[in-house]
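Below you'll find the structures, each written out as structure tokens.
Next come two complexes built around subunit A: one with subunit B, the other with subunit C.
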Partner chain A sequence: MAVDDELVALLGNPHDPENPVGYRSCLKADERGEILREGERRLTDFGLGAEFVPADMGGRLRTLDRTVALLRAVYARDPALGLGFGLTSLIAAVNVWAAGEGALRREAADVLLGRGRIASAYHEFAHGSDIAAAELAASPECGGYVLTGHKEVVTNIGRAEAILVYARTSPAPGPRSHSLFLLRSAELPAGAVRRHHRYPSVGMRSVQLGGLDFDRCRVVADRRVGSEGAGLEIALRSFQVTRTVIPGVLTGILDTALRMALRYALDRRLYGRPVIALPRVRAVLADVYGDLLLAETFARVAVRALHLLPEQAVMHAAAVKYLVPQMIVAGVNNLAGLLGGSSYLREGEHAYFQKLVRDVQPSTFGHASGISCLMSLLTYLPAIGRTARQNRPRLPTEEMFRPTAPLPDLAWERLGLRGGDVDDLFMLPLTDVPLPERCAEVVEAIEAERTSLAERYAGLSPEDRGAAARVSAYELARRYTIVLAASSCVGVWRHRTSNDANATATAGALVRAAHLLDRNREMSTQVRENLLDEATQRIESHARLCDPG
Partner chain B sequence: MRFSPLALTRSVVRNANDEGPLSAQAVLALDRDEEFPAEGCAILDEAGLNSLYVPPDLGGALYSYPTLVHALAQVAGYDLTLAIAHAKTFLGAAPVWLAGERAQAARLARRVLDGAVVSWGLTERGHGADLLAGELSAAWTADGWSLTGSKWMINNARRCGLICVLARTAPEGGPLGFSLLLVDTGELPLGTCERLPKLHTHGVRGADISGIAFVKAPVPHEALVGPAGTGLETTLKALQVTRTLCPALSIGTASHAVRLAQCQLGVLERYSHKAAILPVTRRVLGQVVATLWIMESVAYVAARYLHLMPEQMSVVSAIAKALVPTLADEAMESLRELMGVRGYLETDMFQKVERDNRIVAIFDGSTPVNEDALLKQLPHLSRTGRDALSESAAEAVFRLGSMGGDLPAIEWQELRLVSTAGCDLVRAVPRLVAEIRHRRTCMAFRGRLDAFEELVRRTLTQADGYVPATPTPAEDFTLARRYEVCFAGAACLAVRLGDAPVDDLWLEACLARVMECAAGSSSPFPEPDVYDEVSMDAGRLFPMAEGTSDGR
Partner chain C sequence: MPEQDTSNASKQTVREWTRERVAVHTKHSPCDVADDVPLYRYGLDSLYAVTLCLEVQERFGLVIEPTTIWDNPTVEKLATFIEGELSVG
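So, the complex of A and B:
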């Protein structure tokens, strides 16, 4: 039994036009920019909110692999439902859990257990990912705070029971100038808060994006999450969790897109044969399947590493949040090209596809843009390079790679900000294990790349940090993320039990990783055909494209 | 008849001001409401754009294809929906200019000059690019032809007064089994023709993408365009002309998006700097500008090619249609990330431009279809590739890149299904490179020039032994792409050697981008630092109308 079986069953048959949570209904909600009410109702019945609350607070959150599997299933049905109902509350709540002790923990838990929502209000147009510059002010006054400023394009801010607000508590520059507040919407003083009109978006259209103006809005000190000035630190620690979780969730979008494209290619006929007979079409499908497997594996290993190597999570989170969304957006675009005119119609058999094309887009720039993830990696690369150069590779515990192995609870307090000077995933031995057919050469190339990267990281100059770093340094950081993805695949292969890694999938994923490093490295015909056989077989037998964790 | 590009520009700029019908606000509202841009079409009619759709010997103003490309790029730079809604008439009429009888063409010319809307119906539900699978049939009768069947996913099918349809005229079909018919929908008896509902589309939402169904619709014998059985051939030749126009659409959307991004990132602050000068953002912006320049060069040179060497258009048009929209797609992906959340809001023009842009690589022959066509001709290209270029051919190549000089009239009859002459522009690369070297003594980019020359040499060698197979193996498309890139680099060289407003920095950026494209899909963190210097630059060969400096 897979973790998400119950939830998937609750969402019903996606192709059933009568299903109020089927593709057709989701599309209708999208067209109208309305919330998919029945979808939300079913997720509420399932108790999705409880999945975001730690078990010791009465919820069902123990390990995040489960959370990912559940949200992924929702994203595979309708990304807007997943963001608007689930993911947003998780993003907000994680801040409260990461802050540690305090009465607000109980309150946040109660909101979610009571079927409510929490909005996460970080974003200001003027500052985007640069949250250290956020302006909304919470000025200490009379033992409490007075909030003045605004937040923009925040999911559910107009309808959530509680709102987590990231605000400046000191005008000084630096990392100790912001604090977090958990506000109750019902208790906001009427005159001091003004709601923005809704921000209509081109995709994720059923998500309610709003904003708030605060005008001398009084807040008691008890509403502060964590200590004063700890806002940025809490944010950076909770991002380690959310940025690790989100990529795995997003793979649900590519999964659905690929299923639809395979179905299209099998059914549509051109030149007297099914479109899937065209070699170029086969190549696109196989490449994207390889990408999906690579993304999926990396995302899964990153989540497991969050539990097993929390001190290293700061690197893994940034890496996986950079690479996986890039691959997913590119994959959906490639498949759109394959569907041709059918990807351009908002009606008819393939109408859902163009919705995915729109919904997938914030994957790369939402909740930490790709560039900001790589920027944070730059801080750690020199030390990692030095260590990697000196030390022998070491083998992390096999639980990292075994999808079904039990995981320890998340050690929030061990999520460091310094990062280590070690990344076990980066240093994983790659070539000392028999690899699937046709992989050895590819993996050798990846290993050579890693060796050369380690040298270059060690040689990075101190200027190559922050936004002003050279472009070439960003490219080095990008390659880091690819090595981690490839290492994840090798790790899973090494520790495979009978059916949680198959040779075809591993080969496909690794070839695609090598392709990301060197665009001239194309998939061999044999690997391509194996992947396609695998994919078509799974489509025809209604099996999952990726084996569940 | 004369067409005044200046008058068009003025009119477009005037109407894009404030809340005019071409303003961002108005254009976004039409898109949101899926309303046809009728006012915009009237403005273009008024400016005489339709005169560019008609050859001069028939009373029109199509003296210069680059002028048409430029005019359409300008319109597309405001609203792609409007551009395709209006220019479709040229596509519908092109087969008649190409193969129609003189009287038929003259009649159609008058109609087009009077503002008639002409559609082109090739696609049928379920058949896509497979034209030979078309089912709409035309049966010969004593009074003419009897049409039965439908065309679907057709631009302006609900609005057109005339539609040029590809019909099966021999039940067994095959390459000689189809004919083109120019149907005057106003003359059909009631009940023989039904307009199919407007389709709701992802982009160009206001356009009339619909269909038309005929049931024993009687059309006169004179409706036939060219002899019976030549429908496929005429279509393929007309596509060579229309595919050379499509780049205008991509240039419009790409330059529009570049303007929007430059405008936003020039004011947005991140990490205490303007976003536009942060190293990565600046480099990527510059890369996109260089991409736009390559797109322009290919489009420009291809448009002049049609006048100068029409017999090679089977190759040139396939390259232009495959490469330019693909480059635009890539550029749009880069820009989307730079635009972030703002570009995702419905109130922002960017998201419309991004959605609209996607159609160009899909219609009028998708990228793979064109690359397939190119690959089929590759043996000719390599066979002739090594022969020395005749003096007259070399002269024609050098003329490809210049801005002025009267162009010979378009010789529609000279279009060929396959270019046995190969592609003179690519053959001329050694000459072009030598000329550049000769003219400029101390160039910063000598290395890039060498690399490009080497790329062309290697590509031609690779093409040498090429034997097309059916269906085309996937790997072969890489070779097609490489050949396209060679063409693009050659086009840039030709333009630089001409009198266009470009300089060495321009050429250096173009060559850097060409080499990046040759190495496979582009890196998100490009190496060439020459991009940094051009990041706030704009198009050169098809400059957009003034008055767009607010990025709209």
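So, the complex of A and C:
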């Protein structure tokens, strides 16, 4: 039994036009810009909120691989439902868990266990991903705080039972000037808070996307999460969890898009033959399947590493949050090209596809933009490079790569900002294990790339850290994320426990990793045909495109 | 091994080293970095604090988190903190 079986059953048959949470109903809600009420009701019945609350507080959150599998299933049905009723509350709650002890832990848990939502109010138009510059002021006054300023484009801010607000508690620049507050929407003083209209957006249209103006809104000191000035630290620690979780959730969008494209290619006839018989179509489908497998494997290994190597999470989180969303958006866009006009129409058999194309776009900029992820990686690469240059590859614990191996509880207190000088995923031995057919040469190229990258990281100049780094430095950081993704695949292959482990999937994923490093490296005909056979067989037998962990 | 000596000369050394690192990272001359001015005024942001942490480890064998630098945000305070840790052993 897969972790998400019960939830998937609760969402019913996606193709049933009468299903109130089928594709047709999701599309209608999107057209009207309305929340999918029945979808939210079913997720509430499932107790999705309890999945975000640690087990020691009465919830069902133990390890995040389960959380990812559940949210991924919702995203595969409707990304807007997954964001509006799910991911947003998790993002907010993780801040409270990362902050440690305090009464607000109980309160956040009770909101989620009581079927409520928490909005996560970080974003201000003027500062984007640069949260250290956030302006909304929480000025200390009479033993409490007075909030003045704006939060903009925040999911559920107008309807959540609780709102986590990131605010400036000191006008001084520097990293100790922000604090977090957990506010109850029902208790906000009338007249001190004004709601914004729903921000019109290209996609995610059935998500409530709002904002708030605070005008001398009084807040008691007990509402502060963590100590005064701890806001940025808590944010940077909890982002390690959410940036690791989100990519694995987003792969659900590409999974659905690829299923739809495969079905389309199998059913549609052009030029006197099924579309899937056209070599160019076969190439696109196989490439995207390889991408999905690579993204999925990297995302899963990153979540396992979060539990097993929490000190390195700050680097893995940035890497996986850069690469996987990038691949997912590109994959959906490429499949749209394959569907042509059918990916553009808002009605008819394939109308759901254009919704996926729109809903997928925020993946690369929502909750940490790709560029800001590469920027944080640049800080860590010089030390990683020096260590990798001076030491032989080494194997981390095999639980990193075995999808069903039990994971330890998340050690929140070990999520640091320091990163350290070792990345075990980057140091993984790659070529000392027998690889699937047609992989050896590809993996040797990836290993050579890693050796050369380690040299170049060690030599990065101080100017190449921070926002003003050169374009070539950002490219070095991008290549790092690809090496980690490829290493994840080799690790999973090395530690496979049964002989039915999928050689086709591993080969497809690794070839695509090599292609991301060198555009001239195309997939061989054999790998392509193997991947397409595998995908077609799975579609026809209603099996999953990626085996559940 | 890091020096365990806590005499004045040694303190000066730690302080000078700290001042020099801040100067390098923020492209100032060491003589332009005052000991009692918050590091962020020179442009040392939260990402540079990570780099400085690793340098502290390489130079003194001390493993610190960037938040230690946030909480000791001047040359004087950081040098005193490092000194204190070294004297504890």
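We adopt the following convention: the second predicted complex is superposed on the first by the 546 of 549 C-alpha atoms of A that agree within 3 Å, B and C clash if a C-alpha of one lies under 4 Å from a C-alpha of the other, contacts with A are read in each partner's own complex, and residues count from 1 in each chain.
Quick note on the criterion: a contact is a pair of C-beta atoms (placed from the backbone, for glycine too) under 8 Å apart; a residue touches a chain by one contact, two chains touch by 3 or more.
Model, not experiment: these values are computed from the prediction.
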{"item": "First, second, both or neither for A:Gly466, with subunit B first and subunit C second", "value": "both"}
{"item": "Contacts of A:Glu475 with subunit B and subunit C, given as first, second, both or neither", "value": "first"}
{"item": "Touching partner for A:Arg394 - first (subunit B), second (subunit C), both, neither", "value": "neither"}
{"item": "Touched partner set for A:Arg280, first subunit B, second subunit C, both or neither", "value": "first"}
{"item": "Contacts of A:Arg414 with subunit B and subunit C, given as first, second, both or neither", "value": "neither"}
{"item": "Dominant contact partner of subunit A by residue count, subunit C or subunit B", "value": "B"}
{"item": "Which of subunit B and subunit C A:Arg195 touches, first, second, both or neither", "value": "neither"}
{"item": "Subunit A positions touched by subunit B in one structure and by subunit C in the second", "value": "466"}
{"item": "Subunit A-facing residues of subunit C, complex", "value": "24-25, 38, 40-41, 45-51, 53-54, 57, 63-67, 70-71, 73"}
{"item": "Parts of subunit B lying in touch with subunit A, wherever the complex brings them together", "value": "123, 126-130, 132-133, 153, 199-203, 268-273, 278-281, 283, 329, 333, 336-337, 340-342, 344-347, 351, 355, 358-359, 361-363, 366-368, 471-475, 477-478, 519-521, 523-527, 529"}
{"item": "Touch list for subunit A against partner subunit C, complex", "value": "132, 172-176, 232-233, 236, 375-376, 379-380, 382-383, 416-419, 421, 462, 465-466"}
{"item": "Residue ranges of subunit A in contact with subunit B within the complex", "value": "123, 125-130, 133, 153, 199-203, 268-272, 277-280, 282-283, 326, 329-330, 333, 336-337, 340-341, 343-348, 354, 357-358, 361-362, 364-366, 369-371, 466-472, 474-475, 478, 519-520, 522, 528"}
